[in-house]
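Common to both upcoming complexes is subunit A, partnered first by subunit B, then by subunit C.
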Partner chain A sequence: MSVFLQPIYTQTVGAGGTTVISFNNIPQTFTDLQIVISSRTNGTGGVRLIGAYFNGTGYPSNASFRELIGNGSSVSSSGNSAYSTFGYTNDASQTANTFSSHTIYIPNYANTSNFKQLIIDSVSENNATTARQYLAANLWRYTNAITSLQVDCGGEVFQQYTTFSLYGITKG
Partner chain B sequence: MFPLASINMNSGAAASFNFTNIPSTFTHLQLRCFVRATSSQSTPYDLTLTVNGTNPTEFAYHQLRGDGSSVSSANLTSDNVFRIPLAVPDAFHTANVFGNVVIDILDYANTNKSKTMRAIFGWDNNGGSSPSAGWTGLTSSGWFNTNAINRLEIATFGNFSQYSRVDLYGISTSTATGA
Partner chain C sequence: MPTVIEVDCSTGISTEREMTAAEVTARQEMQAHAEARRHEEEAAAAAVAEAKASAEAKLTALGLTAEEIAALSK
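Right after this comes the complex of A and B.
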């Protein structure tokens, strides 16, 4: 059987919700990392970006991203030099029981010779004409190996059944 | 990531790929599709997924896509299948050109969640003009029902061409939290 995606950690949010998800002591033995997210928050603003940082540094100043977004009727592309994001989460204003879906790929996460370049594809489906599809590249301008990862949503509470899963990928 | 099933049409064209009795023991599903249709029109066909053998009007899709010259976004509500428009080239397009689609369905067996499908697709026609030159895009499609998914039927307009193929994988999660 294939073990192309080796499960490392999974956190499922319980009934009380949580504002921050942390993965600590990430093994350094894989080549790449992949994160899979199914998310919903208690926000009411429609959709909100999931913020991401690593190694306990808080939001990194040396981060930037380029993004391409569709919302069901229009498209946009922009960039930002202030933070990193894993895409838009569903929130409480959207169709009940509906969660956003994200995959984040982080190559060479343990390599101390390169900056960390991420690619993200995510969607926040909704039973209405508007819902977001999100493609992005994030650059973390650090050469440190990634040993821990933290995500939050600007103080919004990740709702019950939200899941964050971390996988390791080993090259052939 | 475990291979669950693979269906090919090496022996000839057929109307659909049917995955039945999908085990509920994995956390996520991934489908990898290599598809072409035998019908013919300049606009490529939709790839559709009928869930659990029924077609309730409980679905919607939203799509971000580009055709090599412009980018656009589209949606449809009150649908009855998971749908990925423009993903299936057909007999109108260059011979031997197939569409590639990678579909993720997270928490497919979780009865606390509606089901969201996320798909990346693309194909290039080696020339031509829109809508027949090729497309790439990211699609989301929702089934606003919390039932577990145990069966998927993948179809297009008419038949899939010979050598079309769909592979189904199961993805597990860890019991360790890393918290």
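Right after this comes the complex of A and C.
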């Protein structure tokens, strides 16, 4: 059982915004990783996904996910064999000063024998009918240890006060 | 120019730089995926709205009032 959560780093986006955040040289001494994101972008579509990839390799071909999405009026599920996302980010079309929340858990990230699993739980915030909750399980079919993590928001810019926090979890 | 914030977790130093070509490609892939997802959602919503309008028209043709049709979905 994992009993100890240690902050590794928190990055807050400044006034100029940014398109990608990259955590490099992730310590290999923990058992699991957890990423917590509070996000808002400059888009206007209201359905922009946060994407991620590891070790600077670009989006992987050997990945798959199964997701469950609620948008305030309906529920849907889908799967894909080539992509992983961290859920829907808030953007400029949603209530001012609101941010989406995302938690991503990655067990055994430093192991070099197992494929990498991601458990994703995220929700957008909006004072309107449509706001999205996103639950997903991802599998990255690579045995490489995760040493870096890149987070992108698909053609948009993460806005000021967006935060990315990386935590390490040590088993008891 | 798109930028990247790089955090070195071993030193705690954060720097900002312009994106590399590989990162621009990855970003374009993500953008295409997000657009496709957006179009899928919009198409699904449009299909539901169209089906609802069709059903309401058929119910009206059967003689139901607008109030009776609305009551069916409550």
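Observations
FYI, the second predicted complex is superposed on the first by the 169 of 172 C-alpha atoms of A that agree within 3 Å, B and C clash if a C-alpha of one lies under 4 Å from a C-alpha of the other, contacts with A are read in each partner's own complex, and residues count from 1 in each chain.
Basically, a residue touches a chain if its C-beta (ideal position, glycine included) is under 8 Å from a C-beta of that chain, and two chains touch if they have at least 3 such contacts.
Model, not experiment: these values are computed from the prediction.
Of the two partner chains, neither subunit B nor subunit C is touched by A:65. Contacts of A:19 after superposition: subunit C is touched, whereas subunit B is not reached. For subunit A, the partner that touches more of its residues is B, with subunit B and subunit C as the two candidates. Judged by the touch definition given at the top, the superposed model places A:9 against both subunit B and subunit C. Legend: residue contacts after superposition of the two complexes on their common chain; A:154 is shown touching subunit C, with no touch to subunit B. By the touch criterion stated above, A:47 is placed in contact with subunit C alone, subunit B being left untouched. When the two complexes are overlaid on their common chain A, residue A:163 makes contact with subunit B while staying clear of subunit C. When the shared chain is aligned, no partner comes close enough to touch A:140: not subunit B, not subunit C.
On subunit A, the patch touched by subunit B and the patch touched by subunit C overlap at residues 8-9, 11, 22-26, 71, 74, 166. Residue ranges of subunit A in contact with subunit B, taken from their complex: 1-5, 7-11, 22-26, 36, 38, 68-75, 95-101, 103, 121-135, 160-161, 163, 165-166. Listing the residues of subunit C that touch subunit A in their complex gives 2-12, 14, 16, 19, 22-23, 25-31, 33-35, 37-38, 41, 44, 48.
Chain contact summary for the complex, subunit B toward subunit A: residues 1-3, 27-28, 60, 62-65, 71-75, 77, 104, 106-107, 110, 112-114, 116-118, 120, 138-142, 144, 146, 171-179. Touching subunit C in their complex are the following residues of subunit A: 8-9, 11, 13, 16-27, 45, 47-49, 51, 53, 56, 58-59, 71, 74, 76, 83, 85, 150, 152-155, 157, 166.
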